[in-house]
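What follows is a pair of complexes built around chain A, which joins chain B in one and chain C in the other.
On to the complex of A and B.
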């Protein structure tokens, strides 16, 4: 039986939780400054990467070969992740270049998230840096890149990616790619198991329950709240053995794409950011011990309320 | 301008969808629009109930083979190409996201998911939605029509009545492919061609998180629980107080608690009268799930944690220790009574 060729797409994002309240407060006028924030794997993409490794392991036990590939769009900060994936057994590793070494400018380097599509579309967004660029808030362009990579370069027949990612959190990229490829798509996937005959048994959380389906690729699987959430770590031996493996770096133009034109066609354009004031009273309850504090809380706030619950 | 609300009656969440759409049409949508509801259904026994749920007076009924979002997309694509409908509106969720995205791709329109509010202007739709993991709200413009939008799940808990009366404008039966080879009776996702590629689809029991969404008293454990044992001790304290128990994403991701306990953007949203957040920083993605709580109590040793300022009362201490003491006090009070 022929091998299943799997491509997993992932995004490396700033760790937004590492920004301070003051950073967010300034964002509406100065943009979101993320240059000095550590990078992390989008959590759903991390699950997707690990689920694909698990699929490969399980398929091997059934005598089926799964050829794993990984794709990301970004700058050189993505390369260490790709090298880790190669060490873990991903045979193909590719990056569509953004930032200093690509024809897609790097949003994060500019420190503003909504400038790219706004600038390209000529929107005069208040407080936005129109010179900033990148693919945040440009899901149609991201989907074009992924679909073009599948069709022109990778020829994979199973695409796995996170169901959504920041900063837009729209969740539309998997369906856009599926439309471009003419493939079916299942979202909020939580498990992928091989059946040994080329078909897969897939679990997905849908709006009213857990769906289990049997499918035969090609298809797009968008991973949601999977129990498998952490990417395994490679051994030093694996790293050393595969350190010479090449990472392919492509320009969008290599895929036949004109990013500036694609951005101008983006139908949903970000124009501004607003801060959110969630503050409540924040009254700090004093006390010498946890019991003292719990007692004060109960007497001052809960004793009457709790009777009504 | 006209809008079309989309009610997927082939899934068990139709009532929630209808509630969200009614709330959004009443309070979230600005602009001079009149509209109708496309009701997708597959069982004649549900027909009348679904019509009654429709948030608009005018209704178009579409019977489909089964849970087939792509069938709805096909119908809507035809409507988008042939009519004057500027805006297609669906409730939040996987099905709604699939429908509006595929519709926008096929009809050449713009798509935005999880809209907080929208304002229809002659040539564009101005939308607001949460971005940056709910740290900020972004304003967006959709230009190309049709505008295809899902409403944020925050509208799920709005209380607005459906339209008091309904007029059925049209009925169509798109269930004719039910007998085609390869078609199934329970398939959610299909390719652009419309054929059903997934076989043996089986909808298992719905997750048990429903009690969280309706909870009146909720305890939410965060990463400050520090371990599975700490999480279980907080869960036990919640049980003794008669509270429902939820967790933040890091707790669920570490398998310290089942995934169906997850609160926040990727989990459950609730509006309890009392919510005690124990050991969670209160990141916006979690806070979205509890922001409608009447009283929020934070238990966290870090006074700089966002949840402290975003709570009504805060205890700067170890979450497990405080919750166990509080459970003892509450239980003692109830025993005393």
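On to the complex of A and C.
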């Protein structure tokens, strides 16, 4: 049977947990300054990337070839992640360098191939960061880029991506991409297994439990709270062996898109930020012995709760 | 006379009462190791002898009674407080050991803002002490990455050092006095004075003893005024670690005292700074603190020195400040890291050494090259220098490897110990010290004679004198 061509989309985000409380307090009036915190993989996308590697491993055991590709939208902060994915066995690695100010591309990074429009722009995009691109609250534009990349450049037949990503966390990108491609979309995916005949067995959370479905690509799989949540690490030897593999950098114009115009049409615009006080009341239970403390805990805090159950 | 496990428990219960003697099998098994065998703990695979009991000591008198009991019956005891050791110091190397846990001795005895010193029991978390003195506009100046979880007794016992050591020093520079209990239940107090020349400095018999000589019950540490509003951060990228070491040396030799002075190699920098540094960049960073004039003069002086190294490119200081605010590891980060390891079998380990300026780059280069060449499945091999002195600096090797083809119980033998061996060999070859601040534990104890050379006589004599029955933390510092 023919190979399955998989594309995993991922986003590199600021590590919001590294922000101080004061940064959030200032955010209500000034916008959240995330430029200075380190970058991490969006957690749902990290699951998606590892699930795809697991799918590839399992398919190989069945004699089926899975061709993995990875796509992200952003600046050079994405490239170390793409290089890691290449070292892990992703055969295609691409970044769409799209920002609010138009199409920007890198021209001097080693091992980086540049699309025609990106090359024509000739601008060093080192400073462009996804967080500053205007795309964080523009799910329609993001979906448009992904769908165009699939149709015009990658021609993949299985699209895997996280169900949502910060800071927007709207969770609409997978649906929008599926609609644009005309593919079915399965959400809250937690596992993907090959059946060896071109079909996949996919697990997904539903309100009443775990749904297991058999489906045949093309389709979009939106990964939710999967048990697999961490990406494996390539060895230094893997990195050395695959260091010459190139990363494709495309401008949105290479995909026939005018990002600036699309952003102007985007309906979702953040206007204010309100912090949610998640502090919880706490108490230190006093007592001479653990038995005394356990009794106080039960009498004062637990017995009423148990009665209400 | 050798006691059964049951008799050991009964003896301890007579001393502290039944409620403070833990015999739950699960807790005992988990307490048979520390972070040196963290992979075994993560996968619940345990190979070390199970302790007979954990006894929660609540007073110096109880500690003394427990040590008398252990001495009478030649039972191995393992002192611990926060339990954050990384080098096997808290492992039970022999069967039926007693773990003396001082974490319930957690009272801050006194904070003296006039004499600028604070006295606390061994089980006071450093974070708790720091939070209390901060309310008075003071700081301990001690900030190891384990600050949220480590306790004062353990920090002194392992000769800890903090992130601001270049200004405040290591814990040995902060401890002015202490109380410790030696085998036989002998309670000793070293009084709190600014300095004295009345013979050898006996604090150093206790500081760094790793529970192999005595149990530390109380410590008094210095306090310093806290001026966070004056902190100045400086950050640079550069391409060569050798240049980084040269910059650090120039800063130290010219007399500057930044609280933080670090250089990261590209591998280690990639873990922290990839949002502003290229993947082949080293990162150099400083923090100056203190009264406004001193902080500014220190930062200005360092900036002028670094400006003399054309290879260094200044980055926005906010990158460094933001990174620094998220550097300490609390329980949440430890749990998250354990889960990452459980899923990926990609293990992160560290080994820290020190050497003079002439040798440090050679040790870094030689050890790194050998580890990459000789150890399989390495996924990252890097490190940083984070504690500098007038005559040299440390190197904190930071490395990751995938555990392939062996179970969790074989991880140390296949990967960790061979890596430690390479680092120790390359360090000793060039006259450095194989341990900068984690302690010898049991992991590096096999190299203790090479580390000490002819001065091992002094160390060995201390052990024989203070612990003649050999009941104190067998295998730690002194190999079995």
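Note that the second predicted complex is superposed on the first by the 239 of 309 C-alpha atoms of A that agree within 3 Å, B and C clash if a C-alpha of one lies under 4 Å from a C-alpha of the other, contacts with A are read in each partner's own complex, and residues count from 1 in each chain.
Rule of thumb we're sticking to: contacts are C-beta pairs under 8 Å (C-beta built on N, C-alpha and C of every residue); 3 or more make two chains touch, one makes a residue touch a chain.
Computed from a prediction, not measured in an experiment: that's the story for all the values here.
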item: First (chain B), second (chain C), both or neither touched by A:186; value: first
item: Touched partner set for A:18, first chain B, second chain C, both or neither; value: second
item: Contacts of A:290 with chain B and chain C, given as first, second, both or neither; value: both
item: Which of chain B and chain C A:261 touches, first, second, both or neither; value: neither
item: Partner, of chain C and chain B, that touches more residues belonging to chain A; value: B
item: Partner chain(s) touched by A:60 [first = chain B, second = chain C, both, neither]; value: neither
item: Chain B versus chain C as contact partner of A:280, first or second or both or neither; value: first
item: Contacts of A:230 with chain B and chain C, given as first, second, both or neither; value: both
item: Partner chain in contact with A:253 - chain B first, chain C second, else both or neither; value: neither
item: Contacts on chain A seen with chain B and repeated with chain C across the two complexes; value: 17, 229-230, 290-291
item: In the complex with chain B, residue positions of chain A that touch it; value: 16-17, 19, 21, 24, 27-28, 32, 43, 113-114, 123, 137, 166-172, 175-176, 178-180, 182-188, 190, 204-216, 219, 224-225, 227, 229-230, 267-276, 278-285, 287, 290-291, 293-295, 297-298, 300-303, 305-306, 308-309
item: Residues of chain A that touch chain C when the two form their complex; value: 15, 17-18, 20, 35-39, 77, 79-80, 83, 129, 228-236, 289-291
item: Chain A-touching residues of chain C, taken from the complex the two chains share; value: 19, 270, 272-275, 279, 316, 318-319, 321-323, 325-326, 339-340, 343-344, 346, 372, 377-381, 400, 402
item: Touch list for chain B against partner chain A, complex; value: 11-13, 93-95, 97-98, 101-102, 104-106, 109-114, 126, 128, 130-144, 186-193, 197-207, 216-217, 241-242, 249, 252-253, 255, 259, 262, 265-267, 273-274, 281, 283-284, 287, 291, 295-297, 303, 306, 308-318, 321-322, 324-326, 329-330, 333
